[in-house]
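Here chain A shows up in two complexes: once beside chain B, once beside chain C.
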Partner chain A sequence: MILRFSKTHDASETVATTPSPYAPALPILAKQVDTARAQMEEAIVALSERFAQIVQRIDSTLTASQSSKQDGDLAAILSTGKADLVAVIGALKEIHEARNTLADEIRGLAEHTEDLKRMAADVEMIAFQTNMLSLNAAIEAAHAGDAGKGFAVVAHEVRSLSRASRETGKRIAETVNSITHTLTSIARTNESVAVRETQAVRDSESRIHEVLDRFTNISGQLANSAEELRADSALIQGEIGQSLVHLQFQDRVGQILGHVSSTLQELPPLMERTATEACAAQFLETMARTYTTSEQHRNHQAAADVSPAPSQAVTFF
Partner chain B sequence: MEIWFVAKKILIVDDSASVRQVAGIALRGAGYEVVEGVNGQDALAKLDGSKIHLIISDVNMPVMDGISFLKAVKANPAYKFTPVIMLTTESGEDKKAQGRAAGARAWIVKPFIPQTMLEAVSKLVLA
Partner chain C sequence: MSAQQSDQHQYLTFMLGKEAFALGILSIKEILEYAAPTEIPMMPAFIRGVVNLRGAAVPVVDLSARFNRPAQVVTKQTCIVIVEVAANESRHIIGVVVDAVNEVLEIPAAEIEPTPSFGASIRADFIEGMGKVRGKFVIILNASRVLSTDDLEALTLAAHESSAAA
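Entry: the complex of A and B
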């Protein structure tokens, strides 16, 4: 801002005089003020840019964390995982039930072998009685003499058959014994496997529940810490926003210093002339007219300097 | 944030970078697109015929001041009806009267609270 005070004066009002020996100090002072102003502006701009970047970064982080809906995804994955694992436990239990049914059937089969044993004994008994019968028939055939010879042959064959039947009965009993032994062994093995299986299913179930509980806890903690992070970020963003409001002082101070610098630069040519009172008054009036802040006006009127509070009111036209 | 509409565009004219930053952060945070100009002349060059929904301008700026810029905006048929808010350290009634006469719709004195500015913007921004 250049004030051009010299243009506002009529040449007839001023008289050329010898330059003031202090006059050269004024442009130097003006330069010092300009340097201070430039340095302050540079620093504040750099600072506000940094702040703006921080705010932007926090903002994009917040936006990303909100839009990704990670918490919701995690909860959904956990819920699906829970359902899948419960289904696995269900399948294991079904297999276990099937094994129990099999064990019952094997036990039922073992019971049938008792009947088979009895039937084998019956066969032996029948064979014994048939043998007795064939002996009697042979005796009766001998009593009949030559007429009984053919009958004696039949009795002999019946006796052979009864012996064979007895052998068959014995083999049946032996086989049934062997089957019973095998079935008992299968049943015993099955029972011990079933016990181990029951324990394994129970262990798996409790471990799965433990893992799920742990995941639920961790996901809860994650959600909480994400929420805390979001709250903290919003707080920091607000604080930085407030700091940026305070940095606006640079604009006001810059304008005041700019005005001081322009005025200082205008003074040396004026000091080379002898000014009239009217001319000096006009200088002050022009200076006051070019103020841009309320502080400058108050200082001009020697009023107490008070920093302006942030403006809350808007004047609508 | 998902954007379902085209963001409204706001031109900020101020020679102070810190003021442009504060206003820019507040406006971008509220979902506006922001274009910046460092003085009246620079800002006029940004008025290329594309839609600007609102202009926020400083008054005291080098090269071209805010009142001259405001007059130039109002003389441009494409931006004649674009609302302009003056954002300045000036609080004198005579300056405000100049702004009003040149066609400004509102006057906010610096330092300003971003929320105050946003309220004025949302009230004046054209649909």
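Entry: the complex of A and C
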């Protein structure tokens, strides 16, 4: 802003001047500056608010995803899973043991049936010899003629007895055989089931271990990802915080623009009055007194090669 | 029926292979469980050897061989029937190997059919007749013919020789 001096006056005297034709432009400029300032203020305030909100949200997310609670849950699930596995495998092994016990008992039974077979053979042998005895008795009775009649009857009865014993012996042997067959087939079934069972238990065990391992892996990976996410979020939080600091420039800009606007508004009435160099210098001094930022002071210094440096101390906000 | 008559009609039935035979009970002394006879060399094939019967050496005859059949296979049912036969003026004790003994029973004369003149696989003079027992036939053997004189001498000689050696 350059003040016009009339050529006829000297610098220290108040001189009558004509108002500048450019004066009406100043209020308009002042208004533009105000509008710009207002809009900038509004926008930056809104931006700051949103940044503040983002920071807040990140903060709450970080607190929510605090590792200690989640990891604890995961570990608990894992150990419960392992305990369940041990219990299931234990139960299956018990069944297997029971099967082995059954096999042993069947073997024991088989030995007993061997004894029974031998006894049945003995019974048959006794029956055979009794039969022989009865035949010999019959022969003696026949040779004894009449005297042997009673004895012949005895011999006959003994013969019936021996026949009955032989039948019994046969039936015992048959029963023992069928028992042995049944026992053998039970033992065979038991054996084949036991083999399949062992295999199934082994398979189940290894598969469950696989699943638990994969689970451990994935939860480990998840924990890592969560950790990375937390780190990144903290970084972002930091960046946004920095940005917020930068946005504070708005404050300085607002101040500078405010000063410009008010100074512009002061000019028109001054321009209508006569102005001397002294008035102009005073005006500049007043202007300088309103400064709150170092940039304003620097600019003032650089442009005012005709004006003296301000003597007052700079007041910072 | 008199005692003697009923005696004469009592028989011991036994098995040789799948066939049923019978011997009159009067010629039978006793039945023994099978024991392997001691072999005598240079004897006819049907003479198995001798067995010890309460100290006496009794020769043992294989009836299947006597009837020109394959030799008997010894099972747990095999028995030796001790028979007494008369030859000339002496009586001889001989053992006969049978595959199994069945029973002592009565076959009335009415139930005995004469020997068939043809078709029998055994020498006709060995057979006394065909006895009907419960609808089936048993071959009633003639003990003295089956264990004939000619062979008996050889048997007696064998028995004496083995007794001397024992």
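Keep in mind that, in the parts below, the second predicted complex is superposed on the first by the 269 of 317 C-alpha atoms of A that agree within 3 Å, B and C clash if a C-alpha of one lies under 4 Å from a C-alpha of the other, contacts with A are read in each partner's own complex, and residues count from 1 in each chain.
As a convention for this text, a contact is a pair of C-beta atoms (placed from the backbone, for glycine too) under 8 Å apart; a residue touches a chain by one contact, two chains touch by 3 or more.
These numbers were taken from a predicted model, which means no experiment stands behind them.
Engineer: If you stack the two complexes on chain A, which partner ends up touching A:D104: first (chain B), second (chain C), both, or neither?
Structural biologist: Neither partner.
Engineer: Contacts for A:Q129 in the overlay, against chain B (first) and chain C (second): which applies, first, second, both or neither?
Structural biologist: Only chain C; A:Q129 stays clear of chain B.
Engineer: I want to verify the contact counts: of chain B and chain C, which reaches more residues of chain A?
Structural biologist: With both complexes superposed on chain A, more residues of chain A are touched by B.
Engineer: Quick check on the superposed pair: does A:F51 touch chain B, chain C, both, or neither? Answer first, second, both or neither.
Structural biologist: first
Engineer: Looking at A:D203, would you say it contacts chain B, chain C, both, or neither? Reply first, second, both or neither.
Structural biologist: neither
Engineer: Show which residues of chain A both chain B and chain C reach, each in its own complex.
Structural biologist: Correct list for chain A: none, the interfaces share no residue.
Engineer: Hey, which residues of chain C end up touching chain A in the complex?
Structural biologist: Spelled out, the residues of chain C in touch with chain A are 3-4, 7, 10, 12, 25-26, 28-33, 76-77, 79, 101, 103-104.
Engineer: Contact residues on chain B for chain A in the complex?
Structural biologist: Those in contact with chain A are residues 1-2, 14, 16-19, 21-22, 24-26, 29, 59-60, 62, 88-92, 96, 99-100, 104-114, 116-117, 119-120, 123.
Engineer: Which residues, counting only chain A, touch chain C once they are in their complex?
Structural biologist: Per the stated touch rule, the residues are 125, 128-129, 131-132, 135-136, 138-139, 142-143, 145-146, 149, 155, 159.
Engineer: Enumerate the contact residues on chain A facing chain B in the complex.
Structural biologist: 1, 41, 44-45, 48-49, 51-52, 55-56, 59, 63, 66-67, 241, 244-252, 254-255, 292-294, 297, 308-317
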